[in-house]
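In the two assemblies presented below, chain A is common to both, partnered first by chain B and then by chain C.
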Partner chain A sequence: MARYARSEGILIEAMGHLWAAFCPATGETTLLNTESVSILEVLEAGAADEATICDLLAEDCGVDAATIAAQIEGCWPSLIEVGLVREVRAARTMPG
Partner chain B sequence: MTHENSTPQIAKPGDSQNQVSARRRLIKGSFAAPAALTLCSGSALAAASQTCVQKLVTPPGGGNGGVDASPPLTTTDTSTTSFWRVQVYQSSSGPNNGSKWVRGLDIVSRQGVKPGATLTPFLSSNQYYRTNPAPNITSTNTTSSGSDATGTLNGTGQWIAVRVDSAGNIVGIQGIAASGSTSAMTATCWTSFKV
Partner chain C sequence: MSNSPDSDCIRALEDVNPTVFAKALASRGVFLDVGAITLHAQSNSDLLALQLQSVYAAFPFVDRTDWAEVHVQISRSTGLRRWIKPQVILRCDGQQPFEPFPADAPLPLFEWGCNWMIGQRLNDLLLLHAGAVERDGLALVLPATPGSGKSTLTAALSMRGWRLLSDEFGAFDPDSGTFRALLKPVALKNQSIEVIRDFAPHARFGPEFPKTRKGTVAHMAAQADAVARRHEDARPGAFVLPKWVAGSPTRWEPLAESMLFGALAFNAFNYSVLGATGFRAVVSLVRQCPGWQLVYSDLDDALATIDAAWSEVRRHHQEPSR
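Take a look at the complex of A and B:
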């Protein structure tokens, strides 16, 4: 399963009911909703796979993890594109 | 019942209390699709801004007859790029009734002088340039006879940008018979304005 990590140096600030996130790598500011920022907050502790992220968010909002998984499944390309998240690929093991 | 904070908090890197603020603001019992919208860059907004025209042509102190009072080339002007506008007049009589014209008198008065150079605008003071319809017709009179006559001209309150070459000559009207080699305005938001 794919693992995701939060990009380094991201600055996030609340703007009313939304959030502004600045990514120093791209130099762009992105407007996020609370759900997106929640994912970034989960990832602040370290890279995690989608199941772990969904489990933690399920505890926060009381929605079952499967429902959350369906919601966030399509968000990764946009979060990666704006530079806030990167996909962490597992290191390959060489056959002995 | 919601779990939402009433006051937004600022999330700062390394501040563990604020790091969870978004998670605490999640509404109990629902989870919307995460959304990320990239804000437009300032340069793109500036290029599309209509205030660009005001910045370029609004003269301090108002107009000068049919011509705005932004400074023409003078002996003390060392700039290489200038943007000017002249007023558009509309014919109310004659064979070209309803057509729109630029007065050579306005062009000549905007031409100004440049040290060490003889500047020649594309219109002389007694000529008129039709901008709409069928542009590029030049008249030398304002009578109602002849196919190129302007008829009686009245101010329209509309303006048109003129093209200035690198030497300082006013060489035409922006958007009409434009030539990239002679337009000083092709790289600006002026080019989004048509006759």
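Take a look at the complex of A and C:
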């Protein structure tokens, strides 16, 4: 399963019911919803796969992981597009 | 006699003999201190000389100084073309960023060239695409897209007790936390020209230029008081996003923080160039200032609405812990 990591040095500020986020790596700014920011908060502790992120958020919010997965499903494209989150490929291991 | 910025007695451009001014412009050029920066204009177009004297009338005449941030040269075309369809060509830093203009329209070319250069160069300031005026030491900034009535409203405010800072740039200095003047003539287009002529018959205008790429353009000169105070910065006061809609009643609605953030960050000339500095600057502006959307068709009513809200803005900035 794909793992995701949060980019270094991103800036996030509350803007009313949304959040403004700046990614130094790409120079991009975007407005995020709370679900996207919650993903970034989880990833602050280190890279994680989507299931782990959902489990952590579900535990925190007191709902089941499937509900969380449905809520955050649409967040990934914009997070990845502006560079706030990047996919981390697992290192290949030599056979045998 | 040459005028340097530290001369004891500096004449305003309108007081300089046109022949003397044209000669200075054609030789070493003249320097226009517009507040945050100095423009260096050099041209062999006598028409540009006259037009500059008209719309920069109250600016000091300076023909030598040590420094200018922006250098713009306007030259009459050479060769056979000058007899048939004469043109003027703009050059800045060895570039020719625009197509030539008709020889009788050097001022719009000069103004667009300067604005383009300012947008390219001034990366120590966050340059919002906005009109900006000042009252009570506070800046009222009007960010907007073209055609929204920004220049019309800015011009009208500047004729009703507000000090003009800029028609085109909300120039925010992240270091000082203040707005700075980039005081150039207000470029009015099409029906806005007559609207402001009717609204402020004593306003000083340069010539009208029909058939430019933006339609008919005319430039309104900044008032002498605004020129005299162009080095006075203004603290962030409020943001108003104007939108002119024919026949609409005046509508005045508070802006959500996220809307204001987007209007500032995504409508600035150099936001992306400034990186994290630009992000922090916009965040600080949103934190400090209230913002409204203004939909209007009646200029007097729009100004009355802004005036009425201004006491709220002043109170907002007087409260502690802002």
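Basically, the second predicted complex is superposed on the first by the 95 of 96 C-alpha atoms of A that agree within 3 Å, B and C clash if a C-alpha of one lies under 4 Å from a C-alpha of the other, contacts with A are read in each partner's own complex, and residues count from 1 in each chain.
By our rule, a residue touches a chain if its C-beta (ideal position, glycine included) is under 8 Å from a C-beta of that chain, and two chains touch if they have at least 3 such contacts.
Since the model is a prediction, treat every value here as computed from it, not as a measurement.
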Chain B versus chain C on the shared chain A, clash or fit?
-> clash
Now for A:39: first (chain B), second (chain C), both, or neither, which partner does it touch?
-> first
So, A:72: does it touch chain B (first), chain C (second), both, or neither?
-> first
Check the residue A:16 against both partner chains and state whether it touches chain B (first), chain C (second), both, or neither.
-> both
Report the partner of chain A that touches more of its residues: chain B or chain C.
-> B
Determine, under the contact definition given at the top, whether A:61 touches first (chain B), second (chain C), both, or neither.
-> first
Check the residue A:31 against both partner chains and state whether it touches chain B (first), chain C (second), both, or neither.
-> both
Touching partner for A:87 - first (chain B), second (chain C), both, neither | neither
Is there a shared patch on chain A that both chain B and chain C touch, and which residues make it up?
-> 11, 13-17, 20, 29, 31
Okay, in this complex, where on chain B does chain A touch?
-> 3, 8-13, 19-39, 41
Parts of chain C lying in touch with chain A, wherever the complex brings them together = 256-258, 261-262, 265-266, 271-272, 275-276, 279-280, 282-283, 286
Would you tell me which residues of chain A are touching chain B in their complex?
-> 9-17, 19-21, 28-42, 44, 57, 60-63, 67-68, 71-72, 74-75, 78-79, 82, 84
Within the complex, chain C is touched by chain A residues 11, 13-18, 20, 22, 24, 27, 29, 31
